[in-house]
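These are the structures, in structure tokens.
Okay, so chain A shows up in both of these, paired with chain B first and chain C after.
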Partner chain A sequence: MLEVQTYPTVGEAASAMDDQARFLGGGTLIMNRVNYGDRRFNRIVRTTDASLSEIRVEGDRLEVGAGVTMAAILASRDLDFLSPAARAVGGPAIRNMASVGGNLMAPHPYGDLAVALLALDAVVRMVSGEELSLEDFLARRNGVVRSLLIRRPRGDEFRFRKVSRVKPKGVSVMSMAARLTRSAGRLSGVRVAYGAMASTPVRVRAVESALEGVSLDHAGITAALSAATEGLDPPDDPIASGWYRREVAPVHLRRLLLGEDAR
Partner chain B sequence: MNAEYRKDLFADERSDDFDIIGKPVIRQDILGHVTGRSKFYDDHAFDGLLHMRCVRSPHHHARIRSVDSSAAERQGGVVRVLGGRDVPVNTNTLLSLINFGRDDEPLLATDKVGYVGQPILAVVATSVRAAQEAVDAVKVDYEELPHVLDVEEALKPEAPIVNEEYPNNSFDYFDTYDHQKLRFGDVETAFSKADHIVEGEYQMSPIEQAPIETCGAIAAPETNDRITVHTSTQALFFSVGVTAKQLDVSSARLHFIGGTVGGGFGGKVDSHHEPLAALACLATGKPVKYMWDRAEEMQVGGPRGGERWRIKDGVMRDGRIIARAFTGFFDAGAYTRLSSYAVQKSTGHLPGPYSIPNVASNVYCVFTNRTPSTAMRGFGITAVDFAIERHMDKVARAVGMDPIELRILNAYRDGDMKAHRREAKNCALIESCQAVAQKTGWRLSADAARASSKSGGGVGALGVIPETVTDDEGRIGERRRSGLAPEPFSGQGTRGLLPEGHSSNNSSAFGNAPQREDMEAEIERLGFIGAAGVPPTPQGPMDETASSARPIAPSETAHTTHPAGARGGPSLPAAYTQRPASTINQPFAQPPAQAPGTPAAQQPAAAEAESESATTHFQRGVRRPGVSRFISGSRRR
Partner chain C sequence: MKSPVTFRLNGSETAVFVDSGANLLDVLRRGCGDLSPKYGCGQGSCGACTVLIGGEPHVSCLVLAETVAGRSVETTGGLSNGPDLHPLQRAFIEGFAAQCGYCTPGMLMSAKALLDRNPSPTRSEVEEAISGNLCRCTGYEPIIDAILEAAKQRGAA
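So, the complex of A and B:
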């Protein structure tokens, strides 16, 4: 049988978790599994803890609760830079439910928001108080997340692009995010992340290093484009083949970096 | 985008009062759908609703040695486990309701399974999850059997028997043949006289209907010992009939409520959910829901069947197709469902919209160890149409001809005799080709551009049922014993000859007599009154031109591409001249054979209809007070 357990605090909920339990955020992933008769878990754990849906602002440092929904991101002036990524998730009904924490757990090819957070060097704060980089978190993907710590990007340095065949609600062929920090007119300390190009959202270090010290123009990014899929083995799925993803990635990366319109 | 209507075409054959296209029309059910108020079967809530899940075969083909559901029955929430022995009439075939085919498919498999996903047990429990867990706990001991997944492999002597009711892996037609035959003219002789032989093979895959609402039904006890069934069925009365039969109850005890179908496309006619849900309702006295999940919809739901078609054409240098032979294989999957009918439907469609004086086809409804296929939008037609049109392009390449001109040259014209022995009427392929060519800037020759569906039809051999060579090959079981090739006339069977003008079923070539007087067609209701308003006359002996026309002689099977009015000019060779109008109209103007003593009072009515035709030519729909005009309305009848 399937049991639903509700706890008043996220701490109690986290301590109720085991292999047979799934933590319910917005339910857009878990309820799908329930409807499909997934018998790998027999408990759904949820919490009514309001602190999970808080957005706290301290200067340009933001703390976003794991229960904050995509719709809440879109409604938040402080999180305006995340709007394009939040809007890329599902339709309005999904965005009303889908949470930031759940997006970190979303299986391929989902998890577009996590791609944006990865490029922003977000830090994951677990319920236990442990803090770790989003990249490290994605590598193990377990535990209950309390919030994400994000530093607000400056100016237009943050870019996000989702590529899908169906608009506006299509599933990702790929999604891409970049934080193009500059120093003395040249790119420096750039972050680039892809979604749907590996089993989880990933940072693309080959592209990041190829962008180090170059100018942001056609000539400057040439090396980055040739390294667009270096070290990646994009998966085949019903949305696109790995081959296709590899072939089109440089095109979309160029559009992302140079801010070109796709149409 | 503005639509453009070619109202110039056939303007004299219809009244120009169409006023729907181009205007917004509100779908009658859309208000309920967009406001979320349409009730689908799953929107009906019941206290204490039980849920059903099935134990399904993981094998293509296996004997069931034993089934152990004892652990499942002890699990929490499990109310009942049903097997084939609990179904009063476990074996059924959908078309048994119209006496077509033999019962061949169990509702729940007992002895063996014939496809992956075939249901064996139905578990009824208090929740979907409890039912799923009970399904996991059922132990079935299978003895795997060799399986066959290809239609032609299945017809070979060594193929495993898929369906015990049809041990030759093919549906039995007319208790005689293992295929549906079509014979028209003499393809073998025509092939020998053709300049080119063009052959092609075309394969279409199964297609899942993929409705948004998965198939299902809820059966709930009603007062007076009745059962209410809310169902997604597309075929409510099929479902009632099947349920009454399989549960062995009077249909008066079944109260079926349907009508809101969340996407059907043919995939909701198989009527498997209703009997199972109703059976569980009878067994438990509780409301029971049986609903497929998405994976079941895709794996177990009957798709459009895969089809393989081979076409062999005999073509003259100028592009005229004088013979066409088909060999078709319809993949029924493990059980018949509607595939037997799809084969007949496709046969009636041959040889496509082209006048070909010699046609033969063998079409097989083949059993394989695949998901049983069923209805889907134009099943039996779409695949063979794809094959025919691909083949027309291949023929065009073979003779070096423009593909559209090839179609215009060979297209049916009004008055041509079709291979299923009915005269072609209301043809419009030529005009469609011309319109497409014009819109796409495709250059047509002057002849092709001038051609008309209304002229040049029924000329010579193309207007009559030719002398037809028959055969008795492919009797039930013969193929399995001897490995006979599937193509028409491929064996050494006895050949017969049907005289010219003779239809295949020994009845009048132009329609059977009605069984009852009140079934007599009312000409004014049908709207069609002979092309030139010729009064019905008894059919006399075939006129000389017609009866001397040899179907296989290529020179006599040509369509003229001259426009109406230019017919039969003195410079044309004799073969291109038209038959006199009276002989053109004789066949279809002949009233169905009347019993002696039919009241002569019918005559004035016919005369009235005729005089009306002088002005309006064709009539659309019905003109009776209180009756929709569109009961039998269509553009050209």
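So, the complex of A and C:
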């Protein structure tokens, strides 16, 4: 029998967690499991703590609560750079429910927002107070997240692209995000992340290092395109085979980096 | 274990006992007897169970029922005023926008949320608004036409 426990603060909720419990955010992941009779948990833990839905802004530093929904991101002027990624999640009803924290836990091929956050070097602040990189969080995926700390990208340095067969709402063949920081006209300290190309959203270090010190044009990115799937073993699923994902990744990476329109 | 939940369903105060972990769709259909929202996939992919909570579309199969306590829930069951159909319902009938009809209640609620916020949407705004609702019969075109027609009729009224 499933038990639901509701706590007034997220701290109390986090203390009630164990391996038989699941933390309910927007419900799009957990209720799905409940509906399909998942027996790996027997408790749902939730909180009515409104602080989880806050968006705080201090200059170009943002703190986005784990309970902020995709719809709330789309409605926030401060988070306009995340709009393309938030809009890539589900349809309007899902976006009214699905939360930032939940997106970090979404199984393949979901988690498009997390791809964008990974390229933005987001830091995960846990309820315990611990802070860790999103990359480290994705490697372990446990604990209750309080918020994400994000630095606002400058100008047009941030790019996001979701590749899907059905529009406007379709599941990812892959999603890609890049933060193309420059120094003296050359790329420097670039971040590139993919979704649906591994079991979780991943940073692509081979591409990042191939972009170091080059100019952002066809000639400059050649080596990065050759390294597009280096070290990756993209999964097979009903949306696309791993082979297909690997074959088309360089094309989508080129479009992402050069800002070309897909047809 | 059952717990009591009270909320407004189509404008009427409603109180039901819900099973622990029950989803809102189940409670609306079995607890409240409102059979208008449909169970399609149970995973938020099809949109047949779409209802409005606080005026915004939600897939009720993924809503933990007790989270709607104190809130306002609207379903297709509350769209018509007695024998007077909602402009969207009339436009769907006149435009043959319903074939098997299973997706229709979800389509109507997604469309209502759109028109309540944006009384004269463009075609692409309509496509976006119903992008979470699957229809396997119509090919969508008659549905999009009907929503645009309803917007026109509401504007003219």
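Here, the second predicted complex is superposed on the first by the 263 of 263 C-alpha atoms of A that agree within 3 Å, B and C clash if a C-alpha of one lies under 4 Å from a C-alpha of the other, contacts with A are read in each partner's own complex, and residues count from 1 in each chain.
Criterion: a residue touches a chain if its C-beta (ideal position, glycine included) is under 8 Å from a C-beta of that chain, and two chains touch if they have at least 3 such contacts.
Treat the numbers as computed from the prediction; the structure is a model and nothing was measured.
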Check your understanding: Looking at the combined model built on chain A, do chain B and chain C fit side by side or clash?
Key -> clash
Review point. Which partner does A:Y36 reach: the first (chain B), the second (chain C), both, or neither?
Key: both
Exercise for review: Figure out whether A:T28 sits in contact with chain B (first) or chain C (second), or with both, or with neither.
Suggested key: second
Exercise for review: Go through the superposed model and pick first if A:L2 touches only chain B, second if only chain C, both, or neither.
Suggested key: both
Point to revise | First (chain B), second (chain C), both or neither touched by A:I150 | key: neither
Point to revise | Most chain A residues touched (candidates chain B, chain C) | key: C
Exercise for review: Once the structures are superposed on A, label A:R46 by its partner contacts, choosing first (chain B), second (chain C), both or neither.
Suggested key: second
Review point. First (chain B), second (chain C), both or neither: which does A:A71 touch?
Key: second
Check your understanding: Once the shared chain is lined up, is A:A249 touching chain B (first), chain C (second), both, or neither of them?
Key -> neither
Point to revise | Residues of chain A contacting chain B in one complex and chain C in the other | key: 1-2, 34-36
Study note, to complete from the structure: In the complex, chain A touches chain B at residues 1-2, 34-37, 39
**Study point:** Of chain A, residues touching chain C in the complex
**Key:** 1-4, 6, 24, 27-28, 31-32, 34-36, 44, 46, 71, 90-94, 96-97, 168-169
Check your understanding: How about chain C: which of its residues touch chain A in the complex?
Key -> 1, 20-21, 23, 42-44, 47, 50, 53, 56-59, 61-64, 66-67, 110, 113, 127-133
Check your understanding: What residues on chain B touch chain A, complex-wise?
Key -> 53, 76-77, 127-130, 132-133, 136, 293-295
